[in-house]
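Some structures to go through are shown next.
What follows is subunit A paired twice: with subunit B in the first complex and subunit C in the second.
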Partner chain A sequence: MKKKKEIKVLLVDDEVDFVDTLAQRLKMRELMVATVYDGEQALSFIKKIEPDVIVLDLKMPGLHGMEVLREIKQLSPHIQVIILTGHGTEKDEEEAKRLGGFDFLRKPADIDLLVAKIKEAYWEKIERAMTAIAFAEEGELDTARKIIKKEE
Partner chain B sequence: MEYKKEHELRVSQLKFIGKVLSVFTHELNNHLAIMKESIGLIGDILSSQKSSVQHGLEESLKTIQSIENQTGKTSWLCKQLSSFGHRMDNPLSIFSVNESVEELLVLLNRIANQKKISFEKDFQENIPVIHNDPSKLQFLIFCLIEEGLRRLDRNGRIIFKTTRSGGSIAINIIQKGNFIETDEKGLCSNEISQHVINQLGGTIYQEEGGEGVTITLPISRHSGSEMAD
Partner chain C sequence: MKIRDKLLLGFGFYILLAAILGFFAYMELRTITTRLTLVEIAGDITNTILEVRRYEKNFLLYKDKDNLQELKNYLGVLKKYIDSIKSEVIKEIGINNYNMMKETISEYEQLFDAIVDNFRSQEKITTSMRAAGGKIERRLTGRELESFLDIRRDEKNLMLYKDQETYDTFIRTLNSANLDRYEEVRRYRILMTRLFELYRYEKDSIDKIRLKAREIQSFTENLSKKERTDIDAVSKRSMRLLLYALLAFIILGTIINMRLARGIATPIKRLEEITKKVAAGDFSERIEIKGKGEIASLGISFNQMGTRLRDAMESLELAIKRLHEKQAQLVEAEKLASLGRIAAGVAHEINNPLAIINEKAGLMQDILQMSADFQHKEKFSNLINGIIGSVNRCRTITHQLLGFARRIDVIVELMDLNEAVIEVKGFLENEILLKNIRVELNIGEDLPKIKSDKVLLEQVFLNIIKNAIDAVEEGGLIEVSTRIKDENTAQVSIKDNGPGIPRDKLKHIFEPFFTTKERGKGTGLGLFVSYVIMKKLGGFILAESEIGKGTTFILEIPIQPRF
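Moving on to the complex of A and B:
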């Protein structure tokens, strides 16, 4: 079983003070945390280092969080994305889930709840990967791909 | 016809207020979220067995400073919103054009940032206060800002210039940058803008050579031709 410290989390939010403080709190909870401050930076980041879970704001300068989520799911569908927004509507929540978002939280969120969701997202990712590998080993590559993309 | 225009104006004004309030509450909520995380971090540091006393003290002081800054920003934003609200309480009043434009820019800055468009101020100092309806003026300027935000591409600028010219104050709003084509409709039609400017007793016109739109308002209320009492 992996230790908590090995869960790689990327925080994406244009509120620098918010994201830096939250990063410190998550690090104190044994998570590996990196921060970026807009959608473009997030997409460049995941091309170099792949996080397990991304905590993503919606309203940011430039690319909107929903566009970032769509791009992430195209580039690396297995990365789990939790939306953390101060301004989300029910429609946004529905759209985020439709695009493959793992969960939708509103700011300010309880830190213990956020950590629990990050871990939950991580373990779901691992489970999905293991199931996909099992199918791939059986030669069922399409099924394996669908599992990773949550298309089953 | 007059009733229809007035009704259309009221509907647009309500949308305008809704927009300002939603931007403002988003901004406020962000500052509160930072304060919550900062307080949480102090709690984490103080309860952490690993952190040394000195390190814990330094981190806590830094975080307390951040809470103080955020409280100051939140309080300042509340003051701007309160002032914005009061302009609607008392439609005809003596006010500073610079202050009322500035107030609107503060409240709308977040929308501009999200589109990577900047607001620039070029206000003439010491221009006289005027007697007019500040909320209608803010509404009119909001319509022009909204138009700029729809038309301008990223890294565009909207410049707000105020000057005194004889018995009037001129507000020149210039859009600079690359423009994009959009079918999106704005909050107010030309007819509504004209209706509002008539009520303010001023004029609105497009400057030659693409130098934006200029609104002029009389310094004295009595120079307004159709201004409501």
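Moving on to the complex of A and C:
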């Protein structure tokens, strides 16, 4: 942790009560938190402001969480996504991992565990971004991107 | 004895009886026929004798040749009859009697010949006397002639009566005439005496002849009379005999046939009874086998049929029972599976509100922690912790439930059961060390790789071994064995030396939420989940337990997927 409220977290969940409360608690734990209530909102949000970590529910009206994950990874691959769901099966877990999800947590989750995961995800993001920049400095951003993908 | 033999015996008995009866009847008839011939012969002889006697009388009266001839003829016939009597008949009469009759007849004939001679002599003497008488009459005269004429009158009388008195009178008259000085008279006297002698002899002969004739007659009469009574007796005897034979026939026949019939009918009757019982579903009865006829072999076949029927019924019952069990298992499995689905669904739905409670309570706690002390701060904090604690318990439950529902599909791969067991043991290393437990692995070396779901199987092993670890005392023993049961099935058994499971609990251990562990420690889902997984994999799980000795879980897993 470098600075206060440095980590930008986006919460995506259709349970308004849940996200709002969780957002408050995370804010108390010195994270920068924004909330949206479905997949489309999430996608349009990240086009404007890029968060470091996204906490994503799977079962939502409209776009399914898994679709949202895929889109995010296409738009900005180094944004780390933690799935937090009450519905996940093992298959979902595998799928999420395959699509580049950082972790898979089940509701109800312990707040300390979640915060720890968010921080891990943030460091992961930083690391990847740095590697990408290193490659980019050599003028090969595209290659870097490919390598990142491969490593995933 | 065979039925055919029995019937033949009965039949044979009747034929034998009939033959005996027939034989007797024949013999009796034969006797009667012989007797009847005798009677006939006796009749013929009697008739001939009657003829002989008729001519005898005629001849003695007329003293003529014709009658004599007839008499002789009939005597010849009589003799022929007598000679023609057959030896068996003679035997019947008695050889002595027969010979006596023959003798009598020849005596009779001789007497007759004698009398014929006598008659001839009489005739000659009579002629000489007449001649002598005439000569004397011509010589005498006067008183002497008169006297001689008296004599001649007496002579006529004598010739007529031929008896002693007349002869005495004649002799007296001749003596008183006193004419013996004449030679002719003396001759006359001698002739007369001679004639009288012949007369006397004739009389004797005739008496004898009559006697003999009567003898012959009575003999034949006796013969025929005897034969008649004999025939009577014989026929009466035959009739009695026939009657007795008939009676014997009926009684013996009835007895023998009844015995034979019982011999045939009794076992059949028994067979019928038992057949009825069998028809009513009672296969316990057996026929007592006696002898070795058809009935006996029928009995044997029947008994065999009974046994086979009973076996068939038993195996049928067994099959039905198994079917019921299988059905019950299937129903149970289906019930459990749908229970699992519902449980998983509920768990999912509960997770979201649970998460909200969790976050709200957590937020409350966060805020509380940032607030300055106030009167009930401590109490509030405890209350919130209580809420969060309960949420955590709920989470354990829902997460367990979701544990097996996490993956609906079975992913089959070629896997090594032994490896899976070793891996699971590795997962649990900490707990094992902590409780100082010995875990022995008896690895079946010949166990082939199987096609199953490794992740799911490991979860099952984990659940069961974890239970065993919980069950045993500090320093307890757990044995995990793998082996090949048959060409289709692998077997894993997990045995502990824990306290065992009481009978009434053993029934329930696979039910969801059944636990004996203290609140918050066990969800009661471990074995339920294992059960459902084993069903999914086409195998099964069962538990054997003995109080004080321990518990063994046996898992059977198909080597090739069977679902």
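Methods note: the second predicted complex is superposed on the first by the 139 of 152 C-alpha atoms of A that agree within 3 Å, B and C clash if a C-alpha of one lies under 4 Å from a C-alpha of the other, contacts with A are read in each partner's own complex, and residues count from 1 in each chain.
Here, a residue touches a chain if its C-beta (ideal position, glycine included) is under 8 Å from a C-beta of that chain, and two chains touch if they have at least 3 such contacts.
Because the structure is a prediction, the values reported are computed rather than measured.
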Evaluate whether subunit B and subunit C can sit on subunit A together after superposition, giving fit or clash. clash
Applying the touch criterion given at the start, work out whether A:61 contacts subunit B, subunit C, both or neither, answering first, second, both or neither. first
Is A:18 contacted by the first partner subunit B, the second partner subunit C, both or neither? both
Based on the superposed arrangement, let me know which partner A:108 touches: subunit B (first), subunit C (second), both, or neither? both
Quick check on the superposed pair: does A:73 touch subunit B, subunit C, both, or neither? Answer first, second, both or neither. neither
Is A:119 touching anything from subunit B or subunit C once the two structures are fitted on A? First, second, both or neither. neither
Let me test your reading of the model: by the given contact rule, A:8 touches which partner, first (subunit B), second (subunit C), both or neither? neither
Partner chain(s) touched by A:91 [first = subunit B, second = subunit C, both, neither]: second
Clashing with subunit C: of 5-13, 41-49 or 77-85, the subunit B stretch 41-49
Shared subunit A footprint, subunit B vs subunit C, residue numbers 15, 17-18, 21-22, 24-25, 28, 86-87, 107-108, 111
What part of subunit A is in contact with subunit B in the complex they form? 14-15, 17-18, 21-22, 24-25, 28, 59-62, 64, 86-87, 107-108, 111
Sites on subunit A touched by subunit C in the complex: 15, 17-18, 21-22, 24-25, 28, 86-91, 93, 106-109, 111
Parts of subunit C lying in touch with subunit A, wherever the complex brings them together: 348-352, 354-360, 362-363, 366, 370, 391, 394-395, 399, 402, 405-409, 455
Spell out the residues on subunit B that touch subunit A in their complex, using ranges where they run on. 22, 26, 29-30, 32-34, 36-38, 40-41, 44-45, 48, 63, 66, 70, 110, 113-116, 154
